[in-house]
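Before I ask anything, here is the structure I am working with.
Letters A, B, C and D mark the chains as written, and numbering starts fresh at 1 in each.
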Amino acid sequence: MDDMYRDYILDHYRNPRNTGDLPGATHTYHDTNPLCGDEITMALRIEDGRVADVRFEGKGCAISQASASILTEDVKGKTLEEVRVIDRQRIFENLGIPISPARVKCALLGLKALKGAAWGLSTWPGEEEPAGAAKRTGTE
Amino acid sequence: MAVVSARSTLPIDVTRIRADFPVLSRTVHGKPLVYLDNAATSQKPRQVIDATREVFEEYNANIHRGVYEFSERTTAAFEGAREKVARLLNAAATREVIFVRNATEGVNLVAYAWGREHIRSGDLIVSTVLEHHSNFVPWQQLARDVGAQIAVIDVDDEGRLRRDQYAAAMKRGPRLVAITYTSNGLGTVLPAKELVAEAKAAGATVLVDGAQAVPHQKVDVRDLGADFLVFSGHKMLAPPGSGAVWGRAELLERMRPFLFGGDMISRVTVERTEWNELPWKFEAGTSSYVDAIGLGAAVDYLETVGLDAIHEHELRLTGYLLDRMREIPGLTIYGPKTLEDRVGVVSFNIDGIHPHDVATIFDAQGVCVRAGHHCNQLLMAKLGVPATTRASFYLYNTTAECDALVGAIHAAKKVFRI
Amino acid sequence: MAVVSARSTLPIDVTRIRADFPVLSRTVHGKPLVYLDNAATSQKPRQVIDATREVFEEYNANIHRGVYEFSERTTAAFEGAREKVARLLNAAATREVIFVRNATEGVNLVAYAWGREHIRSGDLIVSTVLEHHSNFVPWQQLARDVGAQIAVIDVDDEGRLRRDQYAAAMKRGPRLVAITYTSNGLGTVLPAKELVAEAKAAGATVLVDGAQAVPHQKVDVRDLGADFLVFSGHKMLAPPGSGAVWGRAELLERMRPFLFGGDMISRVTVERTEWNELPWKFEAGTSSYVDAIGLGAAVDYLETVGLDAIHEHELRLTGYLLDRMREIPGLTIYGPKTLEDRVGVVSFNIDGIHPHDVATIFDAQGVCVRAGHHCNQLLMAKLGVPATTRASFYLYNTTAECDALVGAIHAAKKVFRI
Amino acid sequence: MDDMYRDYILDHYRNPRNTGDLPGATHTYHDTNPLCGDEITMALRIEDGRVADVRFEGKGCAISQASASILTEDVKGKTLEEVRVIDRQRIFENLGIPISPARVKCALLGLKALKGAAWGLSTWPGEEEPAGAAKRTGTE
């Protein structure tokens, strides 16, 4: 487990970067994972086709919050083209920890909110699960 | 009467296949089992039995949302089964496959969730005299409730659909066409693709009952062109409790769910509920996930043998049996006279012996067949008989079993001193 | 962490019981499995697994109407399972037991077949904040469709039903009261018999969701006095795909069927259909007969151990775990503080750790629990949390497993440096 | 099989006794077994509490027709009290052959029609299946 809940993950969870209101935000999107109640709002200020600033607000598990926090660091200053190619693999690499199938939705919630903010899209290149992966949904 | 192995000229290796089915080596009343009731349900290979037992013994947990390894494994096996079914049918997307208990629930799902929304007073539903009750009664009841009409297309003397009547019905602008692919009562294979094309051209939504087709031949939903297809797993080597509705995603997306409860929701408040995504929107409560995993194993098995080979094998058996039965005086054989439009099912009557007596005498010989109306009372009325005796094949049947059936017919005549 | 055997002071011989469950000797991430997700689904004993395998290997055939020995045997096993369920519930007649896939389908059956006939605009439906989505969303949707109202009775701070609110709702003359017996989210056991009596006195029809009660204690439908009871087999040692609606025969007789198709008819003509007798009138198409036979074997198993003994065993485990957890700082435990009104379920949160993280860390220790809203979003809203971590017991659990859970809580706090 | 389709069974099937119209019938009842299409009409002439005459008409399997034929012979001349006590066991004894579960409905159809004729009842003392017996209904 120390594999997964490493110091930097817990640090991002407890001290998330780039949080709070984003004055002058040009794009904002709120997304939730209703299965666990995780919520993330991503706000972007896009200037000249670049992410001039990014902030998020959220609550939820360590994985979703750390993942979103790391993602904001990753996208700041990037062009929209560079942002577009961020895929699930990149998120996993950013996290640098093993993500079990049940936790994939947690890890990707920030990306989903980001893409919603940037494009208002509900699908995002590279966000889809690869064939063969089982999706998670909620029952007992 | 020993069941001898199939000759090498047959398209599949029946001896090897039979070894996979434990029940096929059992005896009935001291005679080797000759199981010819496959249109009712199929037997199961060890691969399917083991796949279901493995879940229980190795990693069982409830699917979806479980944040632990066993639940992830069970979920992966369940969703993997869905992908196998989607591939088998060549569905455009895995989420077009909804697991249900059986073909019957599938038709009802469409009748409630699509039909009650779209079929209005005065609308026309087109059905056929070949339909199993499961693809007729839901539409009859819907029609009754909303004041729609049902046109029941007839068959000719050999049990082929009256294309003239069908074409005429299409001119009346039906809202829904609900037809079977293969008749369970006669073995007639309908020209489903053509019928679907005519119905689509007429603006109808089309449901195809694939209960007797999907187990026995390659069915490609994209090629078929229908809107919905239903089938049952238990007729294709899988456990009862498995089955699917395939539906076009655009339609399924717009449909309101049928059963409400856990797993099919995304958010519930006192005032309102938001639905889950496809396909889970239509799968309320804990699915029969072990049955579905069994269906996945059954699909693997069928694809390994090859559905074209299975179809060819059944054609040969059907031809062989029809030839042998035509030698016997005093038999009435129903359905098409040629193999062109029929496969896998031979319905008949022995003059002077009621089908129930036939089946009882056959049973004493180890020969299992159905006797009755086969949930085809409209067809029985058309044939003018209350019941028939029906033999139906699957991949593990042999010509020796056809011979056993012929022997049983002679035995029945002897018992009845005919 | 070894799972040690239960002491002889426990009401049942857990060591012997555990030996019947193959999965319980498996390991997860190298640790012995500690399965504490029984409210989601139970594990299966060899007796159940073997009963289902035996059907497939020895005598499988489709049930009903088959005039041959295998079909007679399978039918006898299937109908025998129904009799076992009827006896378990002390039903007045076997035909009051209808097999369905799960509790969810059971509620929907009643909502469609009884509800859509009897609930009218302006009528009142009484539900509770404890309901599983499966016993809430069907009524919410029905209410929406017909313009009825829903009153959702609240719970007090310990998760006990607000009897004052309930009594007030009864004064409003509800048409239907749909309540759970035992809460899957908190383990609260409702005073079902009293609630039913109040509802009946108010003239309501009453459905009791027995999904978390029937597996864990003796439920006697005649004593309970309700009109309908639903439950799922998979939560009581049986395969998923099995479950039942029990209903009073007078009501079931008058209800129109829910699903239409084969087996539920007595006669079909183009114009109309006559229904089969109870219970088959409500069982359209090929039943999950192997799952149902598994349910019969599960009932045998539970009765051999004894439901009172199981209940007592779970009470002790619940008490033991609550005591041990109360020693741990930084935990919030939901539900009644005493054992008087609770059993089998312990829902909690570790301050500062989200339940999903808790479950992931537990999994690494081999401890399987649920993390989430447990299909109880109304309850979560009431508790003011998005999710909880839930441990739930069954007959095979041990105090050593409670200790393992406590160890996992400490491990989670350590991982999170709390 | 020769156990079951004995000469006298086939004889009753092919040459059923007491068939045709019953002039002056006081009680008539028609019943069917929709599963196989078997049909039987029983007609009684009750005089002074006795079965003065009985006739049946039917079509169906050998078992249902022979059973009805034998039953008519059995009840002729009996008092209604004597008729009332005829139960499934008596029918099986009259038939004198093994009846498998799937054929029970065939064997009892005549009795069902008779009781319907005599009492218009849908249950008949001794007609119910003993506890533990599975009923048959129709599907594939």
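Everything that follows uses one rule, which is that a residue touches a chain if its C-beta (ideal position, glycine included) is under 8 Å from a C-beta of that chain, and two chains touch if they have at least 3 such contacts.
What you see is a predicted model; the values in this text were computed from it and never measured.
> Using mean Cα positions as chain centres, tell me which chain lies farthest from subunit B.
So the farthest one, by centre of C-alpha atoms, is A.
> With chain centres taken as the means of their Cα atoms, state the distance from subunit B to subunit C in Å.
The mean C-alpha positions of subunit B and subunit C differ by 32 Å.
> Measure off the straight-line distance from the CA centroid of subunit B to the CA centroid of subunit D, and report it in whole Å.
Computed from C-alpha means, the inter-chain centre distance equals 37 Å.
> Between subunit A and subunit B, what distance separates the C-alpha centroids? Give it in angstrom.
The separation of the two C-alpha centroids amounts to 45 Å.
> How many angstrom lie between the CA centroids of subunit A and subunit D, rounded to a whole number?
Spacing between the chain centres: roughly 76 Å.
> Would you pick out the residues of subunit C that each touch at least 2 other chains?
Answer for subunit C, listing residues that touch two or more other chains: 40-41, 62, 65-69, 71, 132, 262-263, 265, 267, 285-286, 356, 360, 363, 370-372, 375.
> Please list all residues of subunit D that touch 2 or more other chains.
Within subunit D, residues 35, 100, 102-103, 138-140 contact more than one other chain.
> Using the touch rule from the top of the page, what pairs of chains touch, sorted by label?
Those chain pairs satisfying the definition are A-B, A-C, B-C, B-D, C-D.
> List the residues on subunit D that touch subunit C in their complex, please.
Listed in rising order, the residues are 34-35, 100-103, 131-132, 134-140.
> Inside the complex, what are the residues of subunit A that reach subunit C?
By the definition above, subunit A touches subunit C via 1-2, 4-5, 10, 35-38, 59-63, 100, 102-103, 106, 138-140.
> Provide the residue numbers of subunit B that touch subunit C in the complex, in ascending order.
Touch residues, subunit B against subunit C: 22-23, 26, 28-29, 33, 35, 37, 40-41, 43-44, 48-49, 52-53, 56-62, 65-71, 101-105, 107-108, 111-112, 132-138, 140-141, 150, 152, 232, 234, 239-241, 259-263, 265, 267-270, 272-273, 284-291, 356, 359-360, 362-363, 368-372, 375, 377-378, 381.
> Residues of subunit C touching subunit D in their complex?
62-69, 71-72, 75-76, 78-80, 83, 262-263, 265-267, 274, 276-277, 280, 285-286
> Can you name the residues of subunit C that touch subunit A in the complex?
39-41, 132, 184, 353-357, 360-361, 363-364, 370-375, 380, 385-387, 411, 415-417
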